[in-house]
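Quick notes on the structure that follows.
Order as written gives the chain letters A, B, C and D; numbering starts at 1 within each chain.
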Amino acid sequence: MLSRWLPFEKPLVEIEEQIEELKRLAARENLDLSDKVRRLEDHKRAVMEQMFAELTPWEKVQMARHPKRPYPLDYIGALCSEWLELHGDRAYGDDGAIVAGFGRFSGRAVAIVGNQKGRDTKERQERNFGQASPEGLRKAERVMELAARYGRPIISLVDTPGAACSPDAEERGISEAIAHSQLIMSQLPVPIIVVITGEGCSGGAIATALGDRVLMLEHSYYSVISPEGCASILYRDPAKAPESAEALNITAEDALRLHIIEEVIPEPLGGAHRDFGLMCKSLGATLERHLGELSQIPGPQLIEQRYARFRRLGDFEEQPSVAHPELNGNGPKEAASQLNGL
Amino acid sequence: MATAGSLKDTLKTRMGITNSESAARLEEIPEDLMTKCDNCGTLLVTKDWLRDLKVCSRCGYHARLSAPERIELLVDPDSFQEWDTSLAPRDPLHFPGYQEKRTAAQVKTHLKDSCVTGAATLEERPIAIGATDFRFMGGSMGSVFGEKVTRLLERALEEKRPAIMVISTGGARMQEGLLSLMQMAKTSAAVARLQNAGVPYIVVLTDPSTAGVQASFASLGDVIMAEPGATIGFTGARVIEQNLKIRLPKDFQSSEFQMEHGQLDLIVPRAKLKETITQFLGLLLD
Amino acid sequence: MATAGSLKDTLKTRMGITNSESAARLEEIPEDLMTKCDNCGTLLVTKDWLRDLKVCSRCGYHARLSAPERIELLVDPDSFQEWDTSLAPRDPLHFPGYQEKRTAAQVKTHLKDSCVTGAATLEERPIAIGATDFRFMGGSMGSVFGEKVTRLLERALEEKRPAIMVISTGGARMQEGLLSLMQMAKTSAAVARLQNAGVPYIVVLTDPSTAGVQASFASLGDVIMAEPGATIGFTGARVIEQNLKIRLPKDFQSSEFQMEHGQLDLIVPRAKLKETITQFLGLLLD
Amino acid sequence: MLSRWLPFEKPLVEIEEQIEELKRLAARENLDLSDKVRRLEDHKRAVMEQMFAELTPWEKVQMARHPKRPYPLDYIGALCSEWLELHGDRAYGDDGAIVAGFGRFSGRAVAIVGNQKGRDTKERQERNFGQASPEGLRKAERVMELAARYGRPIISLVDTPGAACSPDAEERGISEAIAHSQLIMSQLPVPIIVVITGEGCSGGAIATALGDRVLMLEHSYYSVISPEGCASILYRDPAKAPESAEALNITAEDALRLHIIEEVIPEPLGGAHRDFGLMCKSLGATLERHLGELSQIPGPQLIEQRYARFRRLGDFEEQPSVAHPELNGNGPKEAASQLNGL
């Protein structure tokens, strides 16, 4: 049961246990308790509605990390009538943390890339918990460039706790791979729709999140750093992750308010994993709408708009111009000559 | 060779407060003050150490420089004209302690934020140059930093000026949350446009060059140079050690390590940086 | 299901003389002839083995196919129209034994050289397809092979037909010396033009795919598929073992090895090849 | 002395010893033997002229592999007033077998890539005997693309016994790297001049030899396979390399006759290493002439001409067209249905 329920869902566990108890009783004693059951279920629903409408940022993080949360291959399997996964970076290896390929989504051929976590311990290790290695990002880049060559739109499903954290990843240039993926995505003349489906954490997330539209599922999060990492730095205590999650503004609503994303995609009551069919319907309809809009726009214009989209992100003020006193030759001449001309 | 007075001025005003010496104390320091190398502990005559551009004559350790020092090191004397001096940071997330930290950094550095950009000439060639200042909140990249780099790259494109970015940073600025993360995308996209236009873009990595900055525009130079012994990477070594319960070798993520692993074009000692950049630009453009 | 007569015909005429059985002996073989798997040694009923496209039902071993078999396996029935049938090899270097070897191969295979190309349809989509025949001097690439592949790629570009190359080769043809080496450059350059024009180019690697062919157009597909268990690489394992005095693992350079090392998009069993190619073309073009 | 003299140079060794002997004698006995010395030196010159004009292909191979033969960095050092070597493939490593960078050659900025062998045992190993690994070719590709972006001509100096032969090279896709380098070189809109300076062997050579002009030094060789490799296959005896060298047509004259190269660059009497200054003069003048010609041609036209240059290579005949009897639906229908439709 541990894996099915998150800590804050405890009230639901209790109600659900009562419902189960009533059902067992009804069966054993051959009683008609359906009215009571129905009332308890209504109650449960009411509790859930309130609970999931008011999740704290840290609870959202737990939802995004829920072990039953649908992963990209789940969505691909449900939303695509065809799917052909491609492998390898043609240079070093095939990274299980990244899936990439072509699929047919509501009649339209698209390329899809995504971070894939594993369901069980073995798969989790094989897929490195959805943390992309350089070769995974280079595979994604290759498939996206192929998509661009054939005018296929790209859907990028982001669900990662970050890029691979290991000596190997450093040795093979994880920085370069993250940077280069962004460079490439900024120039592809086809529509790119990004959906943060679970965790959208740090450089590993932005690596494949440079799209024309960036959307978030209701209970996903998107952050420059993991709440635990932030807490370690800020409070020197990873246990202060809940406070950090609050401070970092990582929920879909935060991202929408900050103009980081275009839209929040609602999840079924209690989260995407509680009604996968409904989640797919909602996600599918949203993707279709955006694909429809974007496919009207010529490639070069898409690139310009995409640039402008990210170009305007940032919050700063422009004060009256005052140059730095040490620069512009305002400082003492002798001092300037100290470093120059040597 | 500078005079005694100018040396003190240099220490006080231009070098910032490195080596944990306060400006006040500097006033009383005699001309032959010794400076201790942060790496090997050797006591060096400060005058010599400054002449050596803060490189230890014993072990070659390259001490960190401020952004103004960086720029003055690389451009023709008096040629620098700062750009976008009006840009100042906000606190969009009302992040705990951000304003205080930033104000302290501003007081300490006389900078509004961690990145300084502008126009200059390099051996008479017009260039656009930016440098980041590690003293300012670890040289972290928030909205102002990202905006300044982007404007620098855009203006470099417009005016066909080669762009040079000198990096010293711990990565994205946590306190501006997602807005900081977005600067990675914004700056990387700006590099793409510059490269498509065939305007050179040179990156100089100095200690340290890590995380979100390293995973965006700092890894995308036409040529990437590094000072010897700098720490260059994405995830910090200590974080990797803690996560994987391993011990990493001492040279992990050093310039020399990154060179061996194909991530750098050149390792260039501080005294040769200006010359090397000049030469490279000449070979690309003349 | 084919009749007895057609099965023998298939063996004799179309399947070539694999499994070291001579055409003459085939005449006397009863209908229920057994075929021994070259890999696991299992005796298979030939009829079943042929129905399984010469794949062992026990161990999955994919026996080599001739170029004509390859093409018929992948295209719509009767849709293939051969191109460039007029091209025939010469002996530009007067290389010792070349003419004799080639004549023997021609007699054995009814082919003029090791590569067959042409137009066909695949699920009614016009395509250009080529296959190499390992029986013909190890499927080696000389002037005719290189010319045919180049013409195929050029014509595919001109007629906007997706191009498919099925590879089985030991590499460049030594007996044509430098002229063979030049085919690597020629074919690679032709792939570049096709890709620039946005016409799909699919490579299917079968056992073996090595050396000069693997180091040119065969490594440049938009998508690269391989049959299971094929040997794929540049330098032969035995040569590496001899040079470095080492022993290599049994699966070295297998399809599965290359997949793990990022060199392949897909490993596709023979029976699924046609379907997979069709699907991929649909996803790129429809 | 062993390393200074090749086996076929034995007659020269004898004459040289006589000269040395005479000189020693003259010094010891204070005699004037300069006339005799001069005559012997004339004789030596005559012997050399005949010897090096009539080298067998196998002797050419030995010349190309001469331990004192100048390597790319030697030529670069002598011919360039500036040189900035760049390193790394930005993904995996820096391959010492390939040098790549920008230099200034007779006032003109150019990119230069080359296979670099080592002089001593240690350097030979570090540089893997000039055998490129995938990361070396990817480094060269990166530098050539940079050159193209800035309109710099490219000079490729080829001197390799072949690409890296190791499990590592196979694992990281040496095939792909060789193929991709050719693909890229065929599309660069700047002049590319290739010079085979020593060994031009196999895929490792053609990887960086797709140029507008391909030139060979007089005593270099260019071959699809090493003579030893050919002998192993052809005669099952690597010792038959001399015969194979003959059969393979690998000399500069052969390549010229087969239209594989544009020009043979003469070497000083006895080989490039005997008068490096003269060799550089001759190489420099040749490069300058070709650069001058090519720099007149616009980029797109260069690409077309380069394609056409390789396009026409190959020797075959076009006989009256006869289709293969088994194909074109001429074979038995049932047979055809055997493999299809299953």
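Assume a residue touches a chain if its C-beta (ideal position, glycine included) is under 8 Å from a C-beta of that chain, and two chains touch if they have at least 3 such contacts.
Here the structure is a predicted model, which means the values were calculated and not measured.
*Asks:* Determine the set of chains touching chain C that also touch chain D.
*Replies:* A chain counts here if it touches both chain C and chain D, which gives A.
*Asks:* Check A-B against B-D and say which one is joined by more contacting C-beta pairs.
*Replies:* A-B
*Asks:* Would you kindly tell me how far, in whole Å, the mean C-alpha position of chain B lies from that of chain A?
*Replies:* 31
*Asks:* Centroid from C-alpha atoms only, then distance chain B to chain C, rounded to Å. What do you get?
*Replies:* Centres of chain B and chain C (C-alpha means) sit 55 Å apart.
*Asks:* I'd like to verify one number: the distance from the centre of chain B to the centre of chain D, where each centre is the average of its C-alpha atoms, in whole angstrom.
*Replies:* From the centre of chain B to the centre of chain D is 43 Å.
*Asks:* Using mean CA coordinates as chain centres, what's the gap between chain A and chain D in Å?
*Replies:* Taking the mean C-alpha position of each chain, the two centres sit 51 Å apart.
*Asks:* Residues touching two or more other chains, restricted to chain A: which are they?
*Replies:* Expected reply: 90-92, 172-173, 176.
*Asks:* At least two other chains touched by the same residue of chain B: list those residues.
*Replies:* Answer for chain B, listing residues that touch two or more other chains: 219, 261-263.
*Asks:* Looking at which chains touch which, would you call it a line, ring, star, complete or other?
*Replies:* other
*Asks:* Can you name the residues of chain B that touch chain A in the complex?
*Replies:* 2-3, 5-7, 9-10, 13-14, 50-51, 53, 68-69, 71-73, 75-78, 80-82, 85-90, 92-93, 95-97, 110-112, 116, 118, 143-144, 146-147, 150, 172-174, 176-186, 188-193, 196, 211-212, 214-220, 233-235, 239-240, 243-244, 246, 248, 252-253, 261-263, 271
*Asks:* Any idea which chain D residues touch chain B in the complex?
*Replies:* 82, 84-94, 102-104, 109, 135, 139, 146, 149-152
*Asks:* Would you mind writing out the residues of chain A in touch with chain D in their complex?
*Replies:* Checking each residue of chain A against chain D gives 90-92, 134, 138, 172-173, 176-177.
*Asks:* For the complex, which residues does chain C have touching chain A?
*Replies:* The contact residues of chain C facing chain A are 195, 198, 200, 219, 222-223, 259-266, 276, 279-280, 282-286.
*Asks:* With touch defined as at the start, can you tell me which chain D residues reach chain C in the complex?
*Replies:* 163, 165-167, 169-176, 178-180, 182-184, 186-187, 202-203, 205-207, 209-210, 222-225, 229-230, 233-234, 247-250, 254-255, 258, 260, 306-307, 310-311, 313-329, 331-342
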